[in-house]
């Protein structure tokens, strides 16, 4: 699926640039799926489209629905359309690399968006630092009220899908923190596959085996909901520290209720505006210099990178994603009970 | 006015013309034999009456009224019961289930009245001289060829109907069972049912029929009273389409066989 | 030494005893009729010989040697050809495909020699008096009952075999075709083939058989030469298991029917 | 009935009703391959025993509850699928139909403020309507059900995604009665009462049947056999109810006195659905016709069965049950995901029905198959989630799940060897 | 042959071989429902025309190439599935088998340093072995193929994940010959030569057949019909080869002078596979036996066909082709994913075969079905990815893909109405 956006009027100059208007204003954007995070369904497309309009670019946005072949054919279609820059959020490095070499063949510049394509040929990498996301998750978990002051804490890991490289990076991040935390012992580690049903089955068993666990390191909000379901049935919700990620509406609700300790807010705007501005500059013939580089783990190439920092959301700053416009108040506070909590926490419902 | 009357029935399967303007009639109280060579179109005609095949041209009249037969149910509603040559039984149901298929008895709470059905099934089978069906709760998949045929016949005579058509009902039956079925056919006719009997056995036909219709290569050669023909004449009609001045005009009976 | 000899054959289906220590024999050059009431076990016996059912007890001897029949192929390799009562044709293949199934002719490059097969199929069918099969390239799904039976018979007599077993081969056939098949049966026997004919038609049996074996409720009542019995005796044997001093001992023939 | 035939009214011999006779017949039937539920039951026992040995807490009351609530959506979906499979059809979209219906419910409930029972009714109505359309396409347009349901499988996945939208999931409000289905428990006294009603009803029906048959001079199951069957059911049910009566709260202390006690409400739902559908399949005209059409469509048509109406109806039932299954899953997860019902949901439910003994070629299958097969699948999945650990565990878990599934089916097949109708 | 029958050697009437007669028969056959590939061809044309109208670049040489290389893995898999479907069986695991085999290839190539052709051979061998085991389980243990392949579907998904590991994918080295299959092009002269050989071979076979039949006094297709068929194929082939001869590199500048010209090598692979399997199915004893077993297993067994060997063999062929399909997909993506072959791969391939005209109940199907059906599916997917707009596009894309699939199948079904054997 494609969305054409922005102003196709080629004569106006790009927002910050003083250079001549770009001859080509077409940017292709390939998003991965709908399961690994809800962000790919609305947050990213909306923000990217907004940025494109602001930068007077024509953007085509595709979502591959988790299919590597689908993404490949979408890339071909976009190249067929004549895009000059391709933003790729790969499903995995292999298929990402194939797309990037295809683009290179056709002289299209690629930017890795959110996920680094190992061994790929992208000109730039724009992302949050995923290992850092994991580290933040680990640190935030250890400072949850449920575990502070305890000398010994048993915890379990519920990871994302092993097919997703990001999940590996998150795990790398939080494991590096938690394994060094004194008094913390890992009781079990399993994958929840980014799937709430799997996560719920897995955690049910874990809780049965380790009823005294003190913290659950769960990779995102959707799976955290499943963990909380099980804890609720044992009257343990709120007494065990539960992590999260993505600042979903449900996640924010759980944070307000106190059943989830925190979530990670990755303001898409931080990525999207950088990436689209970059694309505009490339199209107008510039070669911007990135503030940092990230080493490609397979080739060792230093990829020019723009890295944004995530924000940990706890009860204190829970209103932030809503005031940013990342989530709407209506979706965070759908029921009277939640509406009351929202008001208490500074989220204003219409 | 005949109970069953066919006028100008035609039926083709793609390039194959199976029936060509066939006229046929069966009267209440008569046994009408329908004979013809293999592939003459007898079963096709029966299936047309039964609503299994759509008729291309022509009309079916029941008691003088033209009827539309699009579904086997239509035929059943008009009081037509048929035993088809390919018996078509549900192998996964037992004998009782097959005999009452589509007309199950229900008792309280609209539940199946298995006991009543089982008893009626037994009685019917016994009356047809079937001694080797071990149990009416047997799946029909395990029955012998003759036993299957008996079940199909029993199924069709369970109901009081106006017209009963039997397509080679005794093909797989033993000596005693064949006799029972022929007797049954006679008895049905005597009760005022119009019975149509398709058979290749000339002895049976000559013994039980009141009227004989001969199909030849999809055309009706002739329909005559039993008393007006000899067995030799019937055989001649079957094999060549004519016999003396009976049957199709000479040219057609030859031409049709090309 | 008989070409086909069965000794003490027994076969049960779960709780159903279909055959109980059956002895039977067929000699080369003879037509041996196998008769019996519906459900007597004739088809079961034929299937045991054909390797379709495993025998529970007893032995099959071909030319005096005991043989193991586990698969229909085993029977074919021993020179046994069978037309089963349930014809079993592949509806999605044409007449030629069915007639040569399992024994297709191949030509150059191991490709099917369709032309040769088509010609042989035509010739065989014509010799069996089948005039209404429009084309041997027709799918058998579209054939009439008698036409299907003819195809099955033709399939089995295409090959030179030692033993030919026909299970009610004329059940669906017309007058002329039945005659052809009976003639064929005689001709095969005269050429030294051991022919076994299962039939319910006593006229045919008395006309063509050299030896008659009577099954009664899964037991062999008797096997006699044709010349030693009358038709009435045979019918009596079929229906009650004994006739005079022929057949099963009195107690058994009654006891078995319980 | 035509009187022609009754001229020779026959004597029916009174049947021997001795226990010995019954057992002899039963053994002969078993040997002849009519195994009924035996293989699935034995398989279930073997697998349960295996997991109970390798995994300590497997048979704890806590895990037993988890097992039941995890099995519930699979069993409900499998129950619906039995109808479709009985006709030799397939519904690949049952999973996504369930997902779509639960999404409809969630969206109506939360975004449009409908009353909870109205939202549930709407979801069920959507399921029935979906089934009707698919059945109509199969029956009237003659499109193979594999293709129809492949198309709807894709389409409903998309529709759910559109409905749930950017939030990835819709979370059900805590107090909603739907959530209680899987997360709230039947009071102990009611649990025992329901068990009593069920057992007594079962006994009454069976004894009544035998009585009626004997009155009509037909062979009937001996009373002692019926009594032992009823006792068996009663003992199993009592054991389950007793076990579920234990407090499953893992941690108790002075502050929290709440107890998790009693069977989840979904057990009652399962019982009701089972009894109703079992009754429909085995004792009504409709059920008989379903079997008949599955066994021989042409014969049924000739017998006057309204084949296309039956065909449509099984799709309606299947999709309706899929909707129920979707609601149960939503109750379990207390939320509806944008990918609800996708993935392996459907395959596992079909697998459950087949392992239970239902044929994919039509004509053979019973309601109990769905229950037993669903339990087998749930036990495998639950047991597996503890057996294999580690962050890359899912790979090994899939491999082992496949292997166990194959073992279960292989066991079943070998026992039935060649008896698949 | 037994001489008994030839005593009455009959006269076979010489057949009329006029064109008129042939056409009359053809029309009658069409009317009678023997439609062959007609519905799939018409469907393909309609859908292509639709997309060509709503989407400008759809018929560009560039997109044509994309279409072909996207369709290739589906077509190859569907070809293998035709064999399994002809026997009324199903292979749910064909997708993951392909994924697993390509993962084996990638791991051997990259982590164990095998030669590329050895690695490919190993992958193919793995495919054949997998097929053998599944066929054996089906044939000897009697487990329904739905359950076997459901189990292997799960297990292979897990095995691929384990093999590929946590990185999500294994990347094939740039220069490896396997990548050329989908990404490198046949020289123009060779493309035209191959087309010539194919067309001449087709003409020779058809004319030779007719000649032989006429020599034997049998009815044969009139020469003029054969010539027009051959011409049709030649024109279509030439149009394709010509279009593929255009340079498809859209942007050229001083730095990049490379041209993308000629058809992808995978086209040659497809042609060879098609010719071989078509030959096997239509002209060999083995192919005849496959149809026979699919039509009536018992009749085939009685006819002396080695049923269980045939049954095993179709699983071997299907899994072998699945392995080839997996390799083609790996070539397309230049890498192997840890979830390779999961998802909708298999369903789409089965859908392709069915839309092409293959029955799921066995006995009816041809090789050309896989090709035509695969093209229909590929056109839908390719066309769809450009058609749908909006932020929630993937949802709408699914919905519309499902709808179009249903339309394609519905068209096919309505045309064949009631003629599904």
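Of note:
Letters A, B, C, D and E mark the chains in the order given here, with residues in each chain numbered from 1 onward.
Going forward, contacts are C-beta pairs under 8 Å (C-beta built on N, C-alpha and C of every residue); 3 or more make two chains touch, one makes a residue touch a chain.
Per UniProt, the chains are B, C = ATP-binding cassette domain-containing protein; D, E = Xylose transport system permease protein XylH.
None of the values given here were measured: they were computed from a predicted structure.
Common partners of chain D and chain E, by the touch rule above, are A, B, C. Under the contact definition, chain B and chain C share the contacting chains D, E. Farthest from chain D in terms of Cα centroid separation is C.
Look at where the CA atoms of chain A average out and do the same for chain C: the two points lie 76 Å apart.
Averaging C-alpha coordinates per chain places the centre of chain B 47 Å away from that of chain E. Between chain A and chain E, the centres computed from C-alpha atoms are 39 Å apart. Our note on geometry: chain C versus chain E, Cα centroid distance of 44 Å, whole angstroms. Multi-chain contact residues of chain D (touching two or more other chains) are listed as 161, 165-166, 391-392, 394-395. The set of chain B residues that touch two or more partner chains comprises 13.
Among the residues of chain A, those touching two or more other chains are numbered 34, 41-42, 46, 162. Screening every pair of chains for touch gives A-D, A-E, B-C, B-D, B-E, C-D, C-E, D-E. Chain D meets chain E in the complex at residues 92, 137, 141-144, 146-148, 150-162, 165-166, 344, 347, 350-351, 354-355, 359-360, 391-392, 394-403, 405-406, 409-410, 412-414, 416-418, 420. Interface residues of chain B, counted against chain E in their complex, comprise 13-15.
Of all residues in chain B, only 13, 16, 36-40, 43-44, 85-86, 130-134, 142-147, 150, 168, 171-178, 200-203, 217, 235, 238-239, 257 touch chain C in the complex they form. Considering their complex, residues 57, 60, 62-63, 66, 70, 73, 161, 166-172, 174, 249-253, 255-256, 258, 260, 329, 332-340, 343-344, 381-382, 385-398 of chain E touch chain A.
On the side of chain E, the complex with chain B involves touching residues 24-25, 28-29, 31-34.
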